[in-house]
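Each chain gets a letter, A, B, C and D, in the order it is written, and its residues are counted from 1.
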Amino acid sequence: MYGYAMDKEDLQARLARIAGQVRGLQRMVDEDKYCIDILTQLNASTAALKAVGVGLLDAHVRHCVRQSIERGEGDAEIEELVATVARFVGR
Amino acid sequence: MYGYAMDKEDLQARLARIAGQVRGLQRMVDEDKYCIDILTQLNASTAALKAVGVGLLDAHVRHCVRQSIERGEGDAEIEELVATVARFVGR
Amino acid sequence: MYGYAMDKEDLQARLARIAGQVRGLQRMVDEDKYCIDILTQLNASTAALKAVGVGLLDAHVRHCVRQSIERGEGDAEIEELVATVARFVGR
Amino acid sequence: MYGYAMDKEDLQARLARIAGQVRGLQRMVDEDKYCIDILTQLNASTAALKAVGVGLLDAHVRHCVRQSIERGEGDAEIEELVATVARFVGR
């Protein structure tokens, strides 16, 4: 597997780690930790979620989009893919 | 309270909801749901985390940064604030 | 053409508008306009650039990536595409 | 000056460079350059705009927001600041 590829096990491990980070955020707010420290942890969670998103996108293009193009279709899948990237990018 | 202000209870409620969203993501990956649907849910979690971040930033400026400026200080707090926003913005 | 598709003329028109926005930013800084107003204009330029990016991505997937998959290739193009989206998303 | 601070001259120099990058984008589209190369250049322009935004935000907090707090005011400025950061962050 190259850089962005993630298998199901990898995705699950990353999501479990993100779930732990969110519990950490809940604990930090509960204990009135310093805002900037909470924000640093929050940024880490957002970055980790984005990385999972890129991994999902990668799997989606390599399987679903590729297969529908190979079947001579793909227009709807490409349109859906681009719309998803647009929302992901924050347009 | 105005638009972006969040008290501790509000922050906790939002983080609890985000924890639930992440559990939802774990379930969706486990059940091999359609990538695009998982990505939509993931985008919602990222947006919810960002909203909490803005709420924390708001509390931080209204309390910590304001108080240190009122004490005739504030340089270090402003520098730290801007550095945090810079990382948050993804620079 | 659907939502995100842009032809060359459309891309050029959007880039010309962005060039005008950047000149507007230069003028605003020159005239010491209120920071928040400059930031609002700057946000508009960033959003416009992102929209062009999505349009380019759309064209790229519909032509280059599709064609290479149709030729029975596509691995390198998909990897490059995902890496580009990853940088675009700010991971 | 520390990390994110920019004086007017620095802001102008950065905006002039961004204007040049946008002209470069126009030329690349005109010459039908490879989409991914245009996207790489576009990403550089977006990052450069964001950096200018952080510099403007820095100047704004160090001057306008600080001064209004020192005058015993600041509520409206803090609310405006947070709303601007929220839009900047893409919430």
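What we mean here is this: a contact is a pair of C-beta atoms (placed from the backbone, for glycine too) under 8 Å apart; a residue touches a chain by one contact, two chains touch by 3 or more.
This is a predicted model, so every value here is computed, not measured.
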Chain groups still in contact once chain A is set aside, others held in place: one piece
Inter-chain centre distance, chain B versus chain D - centres from mean C-alpha coordinates, in Å: 21
Where chain A and chain D are represented by their mean Cα positions, the distance between them in whole Å: 26
Rounded Å distance, chain C centre to chain D centre (Cα mean): 17
Chain B, residues touching no fewer than two other chains: 50, 53, 57, 81, 88, 90
Pairwise touch network: line, ring, star, complete, or other: ring
Chains that touch, pairwise: A-B, A-C, B-D, C-D
Residue ranges of chain A touching chain B (in the complex, touch as defined): 8, 11-12, 15-16, 18-19, 22-23, 25-26, 29-30, 32, 35-36, 38-40, 42-43, 45-46, 49-50, 52-53, 56-57, 59-60, 64, 80-81, 84, 87-88
Chain A residues within the chain C interface of the complex: 2-4, 47, 50-51, 53-54, 57-58, 61-62, 65-66, 69-70, 74, 78-79, 81-83, 85-86, 88-91
